[in-house]
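For clarity, chains are labelled A, B, C and D in written order, and residue numbers in each chain start from 1.
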């Protein structure tokens, strides 16, 4: 293992280089831009042989990605925030056409008001599209998740696209040590993409993107649901093979000192690193506090989360998103799918820094179960 | 001119009787042959040719959305290039709405980037798939469901957007206008487009029985009238050089063309004269 | 854990300095983390960047509010930003200045005429690498050899050599006090 | 069960849909009169007139373009 200090954006570019896609259509947007730049440089230097398409918008980025994927090759693209929102229509089309595209999303708040900083509203808002979603905690996981995402997406029993989400700036522009795997190991883990269900080839003409009447549409969507549910087994298998080859073990969720915890915080993404530090402090004081980090958000790991939190008396779910008048999405999904009474907290919107004091405040507030979603870190509350 | 016999668009499609779009596609595909991949924008053509689980297409075909056919084709072309299949032709069929309106940005991007593809706009001068709404390509005076004539309106009050010239401004190697009623001219242009390295754009006028309001057997006659009256001019721009490819021996009166269609029925003689003088001006400029 | 906060203006290289420091610490065998607080501001606007160095892997992901060290790339910032904010008791501040700086209680201030050195050696007023040389000397949190190595990796060819030379010079100068 | 991504792998399969039933008028071609100009073949929206000038009534929708465009009036439209 050779650690190199790099940003999560560079780590993702390194992963893409290893996965060796044929086509990379990409459009720059803060804070994703350096992914596009690293990849452009790899191609310019001859380190990658991909066709790099400098598209004129994110809408065309995902459209070209879908065209290329439909031609039967591996593709990569990346975006953020407004870019992902602009892609929205084709995000759904990509899943519906069962194109195993892998895309990185540098999580950033959605306008308005305009913000370039982090929250997860952009990708959360695409949760119903049929894409798999992985929320990485750090640069290493971002890199590894790209490789795992290709492996799972391209599996013939899945054939759904994947979005690897990394918190804008907090990960995209933070450098820390990352292990870049060797090409040989990656080739062992990730076989070349060999499409069978749909590809454009004059030797075997087929029509992709057809028009369905009410006799067929519902079945097509139902098949997607089955494929996404079935992806769970494929993810488990990929994770275990990944651990064997690379020595890093991933799961749908990560349990951190939560097994015997009275109080459990549930969260996604980079904030979990800070929470782990806070959990340790509480444990040092003899308080049974733990963290459950949701890593794979789609397919939603209902049983895994439920098993991890059902024993706790106090549960706090952190959301860097808001479904207005309903609350945080992760919180609502947990309460809807599980027999628990979790408290919901909205944190870190538009890049509001989340400090240990905020986490402590949340831990304190989980002691009184309330149906009201609580916003933590608003300026009116001095922290 | 030898016209290949083989058809690449099967019958049984759901087009209206007398559809001009399918004639255009049939003729184009004959020239392009089997080593071709077609991309469609959402529209009549897409809907009528691919009612799942059937398809009329005998070659590989893909559709994603309304506004992104050129971007999808960019990805397809790049993927084929990455596979070393540079001999495969990529052709796009977009309607006038998908080309001149909602798809203009994606098309501009694809043209400017220089992808090796042929974009054929089959122009029936309105959104026909959804029931004859006005597009940027709807001509002056035409009545559509969103530019209806009425007490205060004579129908569409803006001239047709000049798509071929917008494409010419991209500096691409080949641009042409064509009509389904002049098949040899059209097919020659398709052939030329396929032989040129880089982007090619063909703007194909294609009368629509439903949207224009004439009986189905007149489709070819209407296209012919458009050209013979100078309302639609056949030309090409090859490496920047402009050339009219067909000149009517004697231009017929524009009102012959207008009077044959329900969409212009409401026009007064004054308005028809205004259209005639506009056509005259263009024809004088282009020496038609 | 050592936490460092850089204050600069857009275009002065504060973000690069934070990254070079992190990579140098890693070169020394430590764990590290560096990140910017980006504004949408352009060249000239105040920016901050942060570095953390520890013997253990670093997890926390919030900004540095209680720095052990503060590096100020432009003394003009003293008037617009509270660069001493949250500085730990006995914390050190390295400031690029050729003027006098008002000391703040509890802060140990080290003045470096980095702009002067930069103009002499680099020919342009870019001071980030020079301040890192001084930082290595003043804090001993990172070795000058590692700083030099990473500077040369970051900037190729002659630019790297010149920056390395300037950093070394600042290091020696600060040693002498 | 719908094919994955609703892709259709049988090229030209709209042939299953016999659009001949749409017809009200039927084109009858008099091969004696025919001068083999190819106009009808070229202009048929269904592509259902072959090289031998046989009209495939399984698909002919009866639009009448062939009759209209025949320079020698060798095609007549007759009520079904």
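Everything that follows uses one rule, which is that contacts are C-beta pairs under 8 Å (C-beta built on N, C-alpha and C of every residue); 3 or more make two chains touch, one makes a residue touch a chain.
Note that the coordinates shown come from a computational prediction; the quantities given were computed from them, not determined experimentally.
Participant: By label order, what chains touch subunit C and subunit D together?
Facilitator: Touches both subunit C and subunit D: A.
Participant: Return the distance between the CA-based centres of subunit A and subunit C, expressed in whole Å.
Facilitator: Once rounded, the distance between the two centres reads 34 Å.
Participant: Measuring centre to centre with CA averages, how many angstrom lie between subunit B and subunit D?
Facilitator: Taking the average C-alpha coordinate of subunit B and of subunit D, the gap between them is 22 Å.
Participant: Using mean CA coordinates as chain centres, what's the gap between subunit B and subunit C in Å?
Facilitator: Roughly 62 Å separates the two chain centres.
Participant: Could you grab the centroid distance between subunit A and subunit D? Build each centroid from C-alpha atoms only and quote it in angstrom.
Facilitator: The mean C-alpha positions of subunit A and subunit D differ by 53 Å.
Participant: Name the residues of subunit B that each touch 2 or more other chains.
Facilitator: 50-53, 55, 57-59
Participant: Residues of subunit A that touch two or more other chains: which are they?
Facilitator: 97, 204-210, 212, 216
Participant: Can you list the subunit C residues in contact with two or more other chains?
Facilitator: none
Participant: Looking at which chains touch, is this a line, ring, star, complete or other?
Facilitator: Graph shape, chains as nodes and touching pairs as edges: none of the named types, so other.
Participant: Can you name every chain pair that touches?
Facilitator: Those chain pairs satisfying the definition are A-B, A-C, A-D, B-D.
Participant: Please give the residue numbers of subunit D that touch subunit A in the complex, ascending.
Facilitator: It is residues 1-9, 11 of subunit D that touch subunit A.
Participant: Tell me, which parts of subunit B touch subunit A in their complex?
Facilitator: Against subunit A, subunit B makes touches at 34-37, 39, 46-47, 50-53, 55, 57-65, 67-68, 70-76, 78-83, 88, 105-106, 108-110, 112-113.
Participant: Where on subunit A is subunit B touching in the complex?
Facilitator: It comes out as residues 22-23, 25, 49-51, 53-57, 59-60, 63-73, 75, 89-90, 93, 97, 200-202, 204-213, 216.
Participant: Which residues of subunit B touch subunit D once you look at their complex with the stated criterion?
Facilitator: Residues of subunit B touching subunit D: 3, 5, 7, 9-15, 17-20, 22-23, 26-27, 49-59, 180, 183, 209, 215-221.
Participant: List the residues on subunit C that touch subunit A in their complex, please.
Facilitator: Against subunit A, subunit C makes touches at 15, 19, 22-23, 26, 31-38, 40, 57-63, 65.
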